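One chain, chain A, links the two complexes that follow: it is found with chain B in the first and with chain C in the second.
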Partner chain A sequence: MNTFLAVIIGALTVYLAYTLYARRIDRHVIQSDPKRATPATLFMDGVDFMPTNRNILFGYHFKSIAAAGPIIGAIVAANLWGWLPAIIWLVLGVSFIGWASDYSGIVISVRNEGNSLSAIAHRLVSPRARTILFVFIFFYLLLVAGAFVGIMATVLESQPRVHLGVIMLTVMGLLLGQMLYRWRTGLVGATLLTVGLTFLAILSGPWTEEIFKGLNAAFNSTTGGAPIVTYFDPTLANFKGAEAKMMPSVLIWAIGVALFCYAGSVLPIWRMAQPVVYVGFWVTAAAMVLGLAGALVAPFAKPEVAQFVIPAFKGWNPQLGPAGIMPLWPMLFVTIACGAISGWHALFGAVGTARQIENEADMLPVGGGSMFCEFLLGLLALLAVSVGAKGAPVGAFATGLGGFISVWGVPLQYATSLAFAAFIVIVLVVTQLLFRVMRVTLSEWLGEAIPPMRNQHVASLVSIALAILLMLTGTWVYLWQLFGGANQLMAALSLVLVTVWLASAGKNWLYAGLPAIFMYVTTIASILVTAYNLYFNVYQVNLAAGRVIPVVGSGLMVLVALLLVAAAAIIGIDGWRAFRRYRRQPISAPRPAAARA
Partner chain B sequence: MLESWRLTRVVGRLASLRGSVSQFLYGMMGYEFARHAVEMRHEMEAVFMVVTLGDLIGVPVLPPVYSLRLLPYVVPEIEAWKRHMARRKEFWEKEEYDLHAV
Partner chain C sequence: MGLRRKVQRDLMDSGLPDDLREEFHQLSEWAHTLPAKFGDRVYVRLIDVASIEGFFKSLVRRFGRYPAFTVEGRRYVGRDFTRVDALIAERLHGKEGKAIRA
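== the complex of A and B ==
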């Protein structure tokens, strides 16, 4: 297998799934009608409801859903089960489930006056469905934030070549916000300056490596070379598990990441979060576009970087630690989330994008099209890790992506630096946004009962402290899989909601209902497997060794897992009751199309 | 003649493709800033509307004579403003939930 064939498979998947399946559903089931008025045109207020050109909305929606998810999932899955199961799930997942979830999130909102999924769930399923969504969102964010902070601190500690780029990214983000919103500088000029300097810093990374290595050594000398936390890591020693030591430098970088996220959480969005995301987007986009194009031509231009080096299939149930189980079903289906299907996309599509849809004929290209592009991003990450050298998953990914970029004449050392920086940047900018959302969710959820939670600083610090506690357990793989489970459950619940809505409208519900059942059963099973692994592989091992922090962290994760399962069970029961009710008696016939000029 | 017609069609399609790509890129890069600028302006305008047309929601702030003088400038915005004020909002419609990428 080489990268050219894989890219061709990806392109064929997109073409066939879009033209043969997605379009049929759009025409015959949803019956999108270009003459029907959309909420954007009916309720236009110039802000939330605003008819927007389809191409602009496509770019906006794609950028809003594409981030670290498809990259990390593919990296982990390829290392656990091999590249073949990963590519099969990516292809089948996006073709039959992923696009349907993203597209339907937009459709259901457009056909329900631009209401969010929670408001529709409140009306169609049950009032408590809306409340339960709170629980999902907060724990979903907590899990992904813990996993991201852990990954970033480890990579920052082990890769001093990316530090200068990350520092420059922060400074340039702040400068860009000032230039755009205060000095009223044009976007093109401000972009050239800030993005150009950030790229320069990233490419200069290898020259400053020794300085930051010295800094890490200085941090570690504060404890005389002794670790801060010792924990049992089931991913070490070729997945047999071994004792791991967290050195002071890792904690210092984790605190650095936390400070960055704190600033992003409490400052006005225009001041830091938004411009940093923008500058970071350029870095990632450059690496991804060069990488994908490089993967396509690499078998002809530079064959040594295009051959898959990891096994196609590593087994149905690879060992992970002494007592861990990692069965391909259901674990693969939550490990690779965003490149195949993601609940967050539907949530965002319903609140953000749906209110800007100008014409019902735009729903499929915007919602489905963006998901197919996200699939290509996941495929690129899978290719990069499949051709990368053996070793740590993130390192293999960066080496692989650097190899693709080097096809264009960039020296391998600099290309790998760019790949590492792209990975760190995309995870970092997303994490600051995650803490921002956690802060608001926490204050809305607990603000009534615990008034200090309404304070943005308190809510931010509590969120960050919880994430760092989870990080100190050192089990980012389980954190990632729990996050994947929560994310896929949210996708399953959005598909359940779409199924109920289709039944209530007297339409054929199978295209959403069958994926909903599959994702619902699979993700609940995966969360239970992860809880089992956490208990027997992490909690008990660390308890026996008398390590407090990993015990508290893993115990908390087991509780979160059980809470998610309970919440999903309640929504599942309510959804099933609503479905049966509407199957007996649909509540609304399809509305006649409103006349449009 | 036929060749010229074909060439024109190809050039037209290329121009259309270029337009679509530039719109896509704008959607990925500039649209977010434009939206945020509109949201910031909207918040200021909402305050302005409350001040000038506070009577509508039972909070007269300015003497009616000034409101009347400002009326021609705000009339085009009244309908959208009323819709925006009256619409029930979910808390996750706040800008913090505009995740930009996850």
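== the complex of A and C ==
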């Protein structure tokens, strides 16, 4: 296998699944009607409901769903089980489940007056389903935040070559905001200046590496070289597990990431979040386009970066730590989340994108199309690790992607710097927005009971502190898989809801119902396996060694895992009852809104 | 107000500085007057400057200041909306019975 064949498989998957399956469902089951008025056109208020051109909405939706998920998941899975199971799940997942989940999240909201999933659950399934979904979503956001902060802190600590680029991105984002919104400078000049300087800083990473290594050493000398946390990491020593140390420099970079997210959370959008996203877009777009095109031509232009060298299949149940189990089913299906199917996409599609759909004919290209693009990002990450990039997931991704970019004549070390920076940018811009949502969520839920939570600074700091606590446990593999499990469970629950809605409308429910059953059973099983691993592999080992932070963190994660399973079980039971009720007697579908002239 | 709406409101409120938000509202109000003035013969497309599309439009149309308008290729930069109305009327005059894009 080589990268050319894999890219062709990816392109064929997108073409065949979209034209032969997705379009048929859109046409014959959902019966999307370009003349039917959408909530965006009916309730346009300039805030929530805003009809938006499909091309713009596609970019907005894709930017909101693409983060670390498709990258990390594919690499971890390839390392655990080999590239073959990973690519099979990516292809089958996106073809039969992923696009259906993303698309249906938008459809169900558009056909229900722009209501969110929880509001629809309240109406169609049961009143308690709504409350349970709220709780579920908060813990889900916390897991995402913990996983992302942990990954970024580790990468920044271990890759001093990306520091200057990330610092420059922040400074240039702030400068761009000032230029555009205060000085009213022309966009073209401001873009050339800020994006140009950011690229320059990223590409000069290898020259400044030594300076930041020295900085890390200075941070670590504050404790005399002693770690701040010692924990048991089951992924070390060839997956047999070993003691690991978290040095002060990791915490310092985590605090740096937290400060960035705090600023992104409390400053006006125009001041920081929006311009940083804008500058970051150019960095990631350059890396992704050059990388994917490089992977396509690599077998002919630079064969040494194109051949798969890791094993196609490594085993059904690789050992992970002394007591850990990692069976291919169900763990593969949550380890690779976003590239194959993701609950975040359905959640975001229902609460955000659906209210901007101008025309029902846009639902498939925007929702399904974005999911297929996310699949390509996951495939690119899988290619990067399969051609032999070694090390931690992000390092493997950056090294492999750097190899593909180097096909175009960019020296490898600069290409790798660009790839590292692209990864950090992708995750950083999403994480700052994530903390913004968490801050508002906390204020809304706890503001009545705990008045200080209404303060945006307090709510932001509490959200960030909780995420850092999870990160300090050092159990990022399990945190990642728990996040993946919660994410996939969210997808399963949204598919359950879509199935109930299809049954209630007397439509063929199989395209959503069969994936819902598979994902529901698989993800609950995976969360239980993760809880088992956390308890026996991390909690007990660290408890015996008297390590407080890893014990508290892993104990918290076990509790969150059990809470997620309980919540999913209740929604599943209520969903099944509602499904049977509607199968016996469908209710009439919501009356179509008046057709536009 | 629901949670989603609070999040959206938070994003909207901090999306633009006060003066630019006021300017945006004026622009929005002006856009809403167009159907009364020109019926359905004008197709309006609003583009956010700080976006990728905004970048390419600025590059192609050579805009350096905003708000900026093009009416079938004719450019105007400034806040005097009567000038834009005049531009639209002028273009419509030359295309009796046809719609134009602004």
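Following the convention adopted for this analysis, the second predicted complex is superposed on the first by the 585 of 597 C-alpha atoms of A that agree within 3 Å, B and C clash if a C-alpha of one lies under 4 Å from a C-alpha of the other, contacts with A are read in each partner's own complex, and residues count from 1 in each chain.
By definition in this document, contacts are C-beta pairs under 8 Å (C-beta built on N, C-alpha and C of every residue); 3 or more make two chains touch, one makes a residue touch a chain.
It should be emphasised that the depicted structure is a prediction, and the values quoted were computed from it without experimental measurement.
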Which superposed partner A:L180 touches (first chain B, second chain C, both, neither): both
Which of chain B and chain C A:S116 touches, first, second, both or neither: both
Touching partner for A:W270 - first (chain B), second (chain C), both, neither: both
Which of chain B and chain C A:N53 touches, first, second, both or neither: both
First, second, both or neither for A:V430, with chain B first and chain C second: first
Partner chain in contact with A:G189 - chain B first, chain C second, else both or neither: second
Residue contacts with chain A in the superposition, chain B compared against chain C: B
First, second, both or neither for A:A17, with chain B first and chain C second: neither
Touched partner set for A:F281, first chain B, second chain C, both or neither: both
First, second, both or neither for A:I65, with chain B first and chain C second: first
Chain B and chain C contact sites that coincide on chain A, given as residue numbers: 46-48, 53, 55-56, 59, 116, 119, 180-181, 187, 191, 269-270, 274, 278, 281, 351, 436-437, 440-441, 444
Residues of chain A touching chain C in the complex: 46-48, 53, 55-56, 59, 116, 119, 134, 180-182, 184, 186-189, 191, 267-271, 274-275, 278, 281, 351, 436-437, 440-441, 444-445
List of chain C residues in touch with chain A within their complex: 2-12, 14-17, 20, 28, 45, 49-55, 58-59, 63-66
Residue ranges of chain A in contact with chain B within the complex: 43-48, 50, 52-53, 55-69, 116, 118-119, 137, 144, 180-181, 187, 191, 269-270, 273-274, 277-278, 281, 285, 344, 348, 351-352, 426, 429-430, 433-434, 436-437, 439-441, 444
Residue ranges of chain B in contact with chain A within the complex: 19-21, 23-33, 36-40, 42, 80-81, 83-84, 87-88, 90-102
